Structure formats: structure tokens, C-alpha cells
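Structures given as C-alpha cells follow.
You will see chain A twice below: alongside chain B first, and alongside chain C after that.
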Partner chain A sequence: MTSALIRRRRTVDAVARGAAAACVVLLLAPTAIALTALVTEGARGIVGAGGWSVVRACAGTLMLAGIASAVAIPLGVGGGLYINEYRGGTLARAGRWAAGALSEVPAVVIGLAVHALLVAAVGRFSFLWGAAALALMIAPTMAHTTADAARSVPESVREAAIALGASRWRTTLFVVSRVVHARVARAAWITAARAAGATAPLLFMTEARDWPRQLTSGDDALPLQVFDAASRPDARAGAWAAALVLVTVAGVMSYFARRAATPRGHT
Partner chain B sequence: MTRSDPPDETEKMRADCLNAWFGELHALKDITLPVIENKVTAVIGPSGCGKSTFVRCLNRMHEVTDGARTSGDVLLDNRSIFRADVDPVSVRQRVGMIFQRPNPFPAMTVRENVVAGLRLSGADVRDVDSVAEDALRQVSLWVELKERLDAPVERLSVEQQQRLCIARCLALQPEVVVMDEPCALLDPIATSRIEEIIHGLRDRYTIVIVTHSMQQAARVSDYTAFFYLGELVEYDDADVIFTKPADSRTEDYITGRFG
Partner chain C sequence: MTPLAGPREWPAPPSNRDRAFRAVGGALAGALAVAFVAVAAALVNHARGPTPHELALFGGTLIAAGMATVAAAPIALGVALYVVDLGPSRGRRPVAAIVELMTVVPPVVYGLWGAVAISPRVDAACASWLSAWSDAERARVAGLVSAAVMLTLMIAPTVASQAAQVLRAAPPGAREAATGLGGTRWDIFLHVILPRTRWGLLGAVALGLGRAMGEGVAVALATGCVGQDARAPLTAAGAMVNGLETARASGDWRSLGALGLGLFVMTLASNMIGRALVDRVRNARRPGT
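Showing the complex of A and B:
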């Protein structure tokens, strides 16, 4: 190989590496700027007047996301397993279509639908309607993710279980679900974190804060507080504080998602 | 089929005019074949001759495939396994199966894999450790793995995984074990270990093994059946099949003229 060719290759390599590194910097820079502003402004907001309301909103967010997840995650996982493991049936086909369609619906439309169906029908607001809207976001996403994860399980694994005398449902429950467990758990944490940070489906429920507390003192939510406070110049500190807590909550949930994705015995 | 069975041998299973289809494909044609208790029966033949389909009919795994169907009968202890009142789950617990590719359950430990069959069948496994030890001893894995019972199964070699699959099958205490080319992915040393295990198991279990290797069939089997194009060409003592076959097609196959 001639030295000219080697020099050319080194130059091309350096340019390619430099371009890739520049892309990474361009990706990281806005995140770093946003995070710096978030931490400094958010800390100031928490220390200041926004502190107590942020704590209240944080409790509200955790309650909303907790109730929604407790209902929607088992529903979504069970539905996703059924959709894949019994895929020949009409119900499974309908379930796959519904999960796909619902997971594509914009969150604001889900909020509107819940408002029209529950709030308008019942005639009064409830903390639970907010949780219902979030559950409608979580369940189809979980069903979709679980079905995809189950589809990636090799047929040979199911065949091994059936050859051992397992029935179809036992194979699904004790083998397939075990294999997809880490992937589904990770998706559950991420989906719950996204739901916790979702503002759009809760916009129609904001009046709920004016109603008597029905379930808990945490009748506010962080995304709503960010939305409300950001639109009022005198309350910006509260918006920063709520945003910092929201990002921290999402970060903690992402940590659990990563932990859930690490199979037992692997480091 | 050329052989008439001596009276002192007990038939554990029998295929009786067994036919099998995959959709329109007629994969097995009128197979009548005994499986003798506590003996090793080898099924040999070229690719696509119906060997695997035959053994999958023995524990009703054939019907798991979409579009698959059978006619004729398979008897287990002189009772049809296809009767309407027979649960295929119970057949599969009595007739265990080992596959060509080791298929331990991912995301489970060695111990969990060994007792998985018992758990899946809903049995109350009180002494998991002794069940696991007994099954692993039968496949000579106990010494190798007794310190790694809680290790992920993915960390085992392919050969260890295959022996683990055999242990998982034996933990259910089946009466018959069918093996569909269990050594196809193994090197000669690993193959000889599996063959030693088969030798060790013949006193307790009735074994049917599908193999592409005629040397293996000659080494491990008491009886050998030669399949060709979905038909049973010849069945006899392994010694007879490999030294004085009655059918010219069998002779051509074992002497390597085709296959």
C-alpha cells in the first residue's frame, strides 16, 4: 500500500469521525443547555414560593400515573399476550387493530374523548377521569409492545413447553411471559413515565382542581402546573420548579426501566 | 416391514396404518411399526422421508402444526392416543421429546429449566432440589453444574444445553423418550456423550431416536426402521438392517449409494 493511499484513508477517517462527533455535540448541546436552565431555575423555584404547590402537584402526578398504570399495564400486557399467542382468532385480530389504532391517537384527542364520555356524562369532575385518560394512553402502547415482544420469542421455545405437556395458556403464562418479562417491564416504566409527563390528556380536566378533593389531597398534576404557570409571567418560577421535579420523576423511572431490562444474572 | 416380533418382547407403542399430512402433502403413508419397551429404536432415512413427522405423531406434536392431520392410529400400552377422551397433554407427559436444536427456556436458571416440565404440568413440586439432582445425574450433568444451578441457562455450552433438555424431559418421568436428531448440532465428542446417556437410559425408558447418521443408529439402536419417501421400507434388528438388509433400497442407503 502506498503512503499516499494511507494518508488519504487517514484523512477520510478523520473527517468522518469529526463529522460524527459534531453530530453528537449538536445533539447534546440543546439538552445540556435545557438541563442547566432547568436545574438552576427549577432549584430557585422550589426554594421560592413554588415549593409547596410543586410537592402537591408531584403527589398528584404520582397518584395519577400510579392509578393509571395499575389498571392499564396489566390490561395491556394481558391483551398483548392474547393478541400474539392466539393470533388466529377474530378477537385477537380485533385487539391488534384496536391497540394499533389507539396507540396512534394524539393524547389531546384521548383527553377530549374522556371529557366527552365521562366528565360530560357524569356531570362532574374527578381525579379518576384524569387517570382514565392516562390509562387509555398506556394500555394500547403496552399491548402493542407486549405483542411485539412475544412475537420475538422463538417458536422452538413454545414447542418445547408444549412437548413437556404444557397447555397453551400455561405456555403463555409461565414461559412466553417469562421470556418477555424484562422487555415488557422496561416498556412499562417508560410508558408510565411518559404518561406522568403528559399534559394534553389532562388539559380538559383542569377544572377538577376547583372541585372538592375526592380521592387525595394531590389533586393537581405536574404537567398541568407547568402548563398553567408557564402561561402566567408572575408564576414562571413555579413552572421551572414543576418541570425540574417532572424531569427528575421521569429520570428515576427511566433508571428503573434500564434496571428492568437487565436480565437476572447478567451485569 | 420384514420383522415379526419375538413373543418375549413387549410393545410399548405401535403405529398402526399411520398416515400424516401437512396440508396436501402426504408425509407418512400407512406406517405400521412397533416400538419395543426398554429398547432403542432408530429411525433412519434420507431428508424429507418422514422420520421427524413419524416421531412427532408419537406424542401428538404433529397436530400442533397448522394444517397438519393424521389418520390411522398410534397405540401406547395398547390404547389409542388419538381417542377423543385422551388429552394430548397427558400423552406428551408420557412420551417426552428431545429436539434437534437444544431449546432450554431463556430467562430461566439451570434449576428452573430442569423442573420446568413439572411446573408447567401443574404438578406440586415439593422437593425441587432432589428432582433436579436426580434428572441431572441421569444425563451426567450433576457434577458439572451442581455449583451453577442458579446460573442463566444461556451460559451453558450447546452440548450442556442439549443434556439439560434431556434432563428436563426425564424430570417428568416419561415412559417413552423420542429424540429427533439430538446430536445434529454437536461435535463427535459431545455426540459420544449423548450416546452414552442413551445407553444408560434404555433400562428405564423406551427410546425412539431419529438420526441421519447410520453409524450412530448402528451404535445405539436395538431396532432400526428405514423410511423412504414417507414409507416404511424395512424394520428389523439393527444388526440385520446394517449387515443383511432385505430390501435393496435399504442396502443402497446404508452403503451410501444415495441419501
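Showing the complex of A and C:
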């Protein structure tokens, strides 16, 4: 009697576990196929055609993502701390809402908006404006994540700081931000990796080039190179080469994210 | 006993440094609000009323993103369940790491792979199955389906990682209590975890929908909207990438503005709902913590 029920529940459990494993296979199998294609075709492309231009585009991408991160990550983290620590105020509420709304705006829309705001209004500085567009993608995400992380810091931690006589700015900067450090650092690497791979905003910034742009053009970035070469069937080898380097860059950054998320020593 | 109800009731009066600190932080938070207003204003400024063609593109966006979401949701939820509850303990961490890595793969790379591997196959399949249809109809269906297949692969990792965060946020005590009563993993999920997290899981799916609707570059590449023999774009975001050169040459950005504003509103609605649902589960204040 009971054993029949238990047996049935065990069967259902086994079926559910099998289904979950099947979902994993279903998601990872196409990815494995794509990854194999990426590595083999990319290696062939790097050996064949795209040596120097890929290196320069890689430097361009690192510079773009670096400038954007250097500006946007401190801005976003500071804003996020304010949003949580001074929550209840109008400014904090507006900032929280804006960060949540902006952090998921599609990259094409960001590109169009930055084009309208900066390129059309101020003039052509495609490289800097590209970095500005990436910064506009990074900062809201960082603010949102930081505010989220700071919110999960127990109030008792702040109370302990108060009991030791710490002022409010010290508490925020040296107690709360210590506690959230690992989570924020991880988010920073992930966000920067995503920004390094963003293509659409950069398409809007590189003004008035021939379509399709030459593979070897100024202020190049890896995503642009992939995009250009992918849209020309005769240049696919270059596209795979640039794509392989781009995925490697993103993968290395997400490795740093994982490392940042596992704190060592005291924290 | 009531705890300090948040930093507003700080016990000491602010020093000058506190005031300066608050001013800097407020400026940063204000900058975010200003950025949002600037983006919205720029889009509204550029836009005009949508033409029937642009409305059709929004329809295409809804169809392609909708198909992708319907296909990705069960797979992604299955993966999330595997990572948090159902998988063997040795399998969970590597799968979680791979899924996280997949969320940072750039859209162009998916687009390149879609153009090479997905789109030709879908075209061939449509050519053999839908041979009675007219060429234009068949091309439209093939384009939407290949966009949907690629978007499925793109958003599934995002949905899975958000859903896993939601599942992890379920109260640990409930899980332990159910284990103590002799529940199987599936029993625990179905009767204990799911009732507490279902809205959050729905939110994770809504976030995936928002991302699918906004994806432009990958869709444009995979459905052949750029390059020499460009095809007509099928989704609003794809049309924005496709229309870039025309707008640049003519200096008329209003069509792009209309598409951009529409997309902005659509993705904002979907993402805000998704965020709110996910955060409600994740940030729930639990007694005893």
C-alpha cells in the first residue's frame, strides 16, 4: 500500500531528474556544436587571413571596454550604494527606477539614443562616443546590482559599525562595500565582458564608412569586425577568426568574474 | 523589538564629510535619472508615428520573440532545476559555470553562427515542406523561424541563470523541512519550492522575452538583412540595424526613431515586469535572517 505510493513517487522523481538532465543536454548540445565550429573555423581563419587586423581590433575592443568600464563602474557602484543606503529619498527612488529601466534597454536603442545625443549634436568622435555608449550600458547595470547587494547586507552589520562610533560615510565605504565587494566585482567583470561584445552601439558610432566597411579600417573593434565579415559570405574566415578572439576575451573576463566571486582569506 | 528602520534614522548628526559623501552619491544617482530622461527624450524627439510597415515589423518582433520565449522557457527552467535541485551534486557546478559563460557570448557570434548554420538549414527545410507557398511568404516564415531558433539559444542561458537565482532564494528552512518529511527532490520542488517561487520564475521568462525582443544585430545577421544581397528585415530591432546605412546616407533618422521608441517601450514593459517579479522573490525579507 504505502510502498506502492513510495515507488510511484520515486518513479516520478526519476522521470523529473531525467527531464532536467535532458534539458541540459538540449541546451548544451547546440552550444558544443557551435563551439566546435568556432574553434576549428576560427583557428583556420587566424592562421589563414586575419593575423594583424585581428590583433588591432582586439586592442581596440580592450580599449573601448576599458575606458567605458573605468568611467561607468565607479559611477554605477557609487550610485548603487547611494540608492540603497539613502533609500526612501526622492533622488534614491528616481535613481533606482532609472537604473532598473536603463539596464535592460536593447543595445540598438542605446546606440540610436547616443547617436542622437552625442554624434548628431556634438560631432564625430566615434571612438569616444562608442565608449560612452558602452558606459551607458554598464553604469545602470552596476548600480542595480550594487543596490541589490547592499540591500542584502543585514542591518545588524551597520548597527555594529554605529556601536563602534563609525560615521555614516565610513560605514558605507568601509563596512557595507566590504561586505558586497565579491558580488559587485563579479558583476563588474560580467558586465564589462558583455559590453566588450556589444556590437550595435558601435555600429551607430562609426560614421559614414562604406558599406560593408573594409576589414582594415581605423578605430576597429572585434564585434565590428565580426559583423562586417559575417555580412559578406566571401569574408567568413575573417569573421570566424575575430569571433574566436572575441569569445576568448569574453571567456577570460568571465573567468575573472568567477574568481572574484569566490573570496579567499578573510572577508 | 523594532530594529533600526534603515539608514534614515542614523543616530548621530551628519558631519561635513557625511554631507559631502551624500552629495557625491546623490549626484551619481541623479546622473542615472538624467541619463534615463535623456535617452527617452532623444528617442521621442526622433520618432514620428509608425507607418504600416513599421507596425508589421513590431508584429514580427512579437512573433519571433514569442516563439523563442515559448521554446526557451521549458528548457531554461529545466536547466535551472537541474542546477539548483534535481541534478546530481557533481553535475551542478560545472553546468552552472557553463550556463553563466554562455550568457556573456556576444550576440554577433550567435549571429555569425546563425547565418552559417541555422538559417540555410531552415531555408532548405521550408523550401521542401512549404513548396506550395509563394516565395515571399516562404521567405518570411523561414526568416522568422530561423530568428526564433537563434533567439531560443541566446535567451535560454539568461532565463536559466535568472531562474536559478530565484530558486536559490527559496527559504532554505522549507527545503530542509520537506527533506526531513521524506519528500523526493521533485516532491520538494513541486509542493514546497514552486508555490514560493512561481512568480519569480515567470519574471525570469519575462526578462528573456524582453531580451529576445531587443536583439538586433544577431537577428539581422542570421536572417540575411545586411551585406550585398540583403533581405527585407522581419523584426523591429533587425530593421534598425538594416536601416542604419540608409538613414546615415539620407540624414533622415525618423524611421529608426519610431522603431527605437517602440522597442524601448515594449522591452521596458516586459523587463520591468520581469525584474519586479524576480526581485520580489529574491529580496523577500525572511524572518530569522
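To be clear about the criterion, the second predicted complex is superposed on the first by the 235 of 267 C-alpha atoms of A that agree within 3 Å, B and C clash if a C-alpha of one lies under 4 Å from a C-alpha of the other, contacts with A are read in each partner's own complex, and residues count from 1 in each chain.
Note that a residue touches a chain if its C-beta (ideal position, glycine included) is under 8 Å from a C-beta of that chain, and two chains touch if they have at least 3 such contacts.
Small disclaimer: the values here were computed from a predicted structure and weren't measured.
Of the two partner chains placed by the overlay, only chain B lies in contact with A:A182; chain C stays clear of it. In the superposition on chain A, contact is made by A:V24 with chain C only, not with chain B.
Of the two partner chains, chain C is the only one touched by A:P233; chain B is not.
A simple residue count on chain A separates chain B from chain C, and the partner touching more is C. In the superposed model, A:F174 makes contact with chain B only, not with chain C. In the superposed pair of complexes, A:E159 makes contact with chain B and with chain C alike.
In the superposition on chain A, A:A260 contacts neither chain B nor chain C. Residues 154, 156, 159, 162, 167 of chain A lie at the contact with chain B in one complex and at the contact with chain C in the other. Considering their complex, residues 59, 61, 64, 89-90, 92-93, 96-97, 99, 101, 103-109, 116-117, 119-122, 150-152, 155, 165, 168-169, 172 of chain B touch chain A. Across the complex, chain B is touched by residues 154, 156-157, 159-167, 170-171, 174-175, 178-179, 181-182, 263-266 of chain A. Here chain A touches chain C in the complex through residues 9-10, 12-13, 16-17, 19-24, 26-28, 30-31, 33-34, 37-38, 75, 78-79, 81-83, 85-88, 91-92, 94-102, 104-110, 112-113, 115-117, 120, 136, 139-140, 143, 148, 151-152, 154-156, 158-159, 162, 167-169, 172-173, 190, 193-194, 196-200, 203-204, 207-208, 211-212, 223, 226-227, 230-233, 236, 239-240, 243, 246-247, 250-251, 253-254, 257-258, going by the rule given at the top. The part of chain C that touches chain A in the complex is made up of residues 3-4, 6-8, 10-12, 14-15, 17-18, 20-22, 24-26, 28-33, 35-39, 42-43, 45-46, 74-79, 81-82, 86-87, 91, 95, 97-109, 111-113, 115-117, 153, 156-157, 160, 184-187, 189, 207, 210-211, 213-217, 221, 226-228, 237, 240-241, 244-245, 248, 253, 256-257, 260, 263-264, 267-268, 271-272, 275, 279, 282-283, 289.
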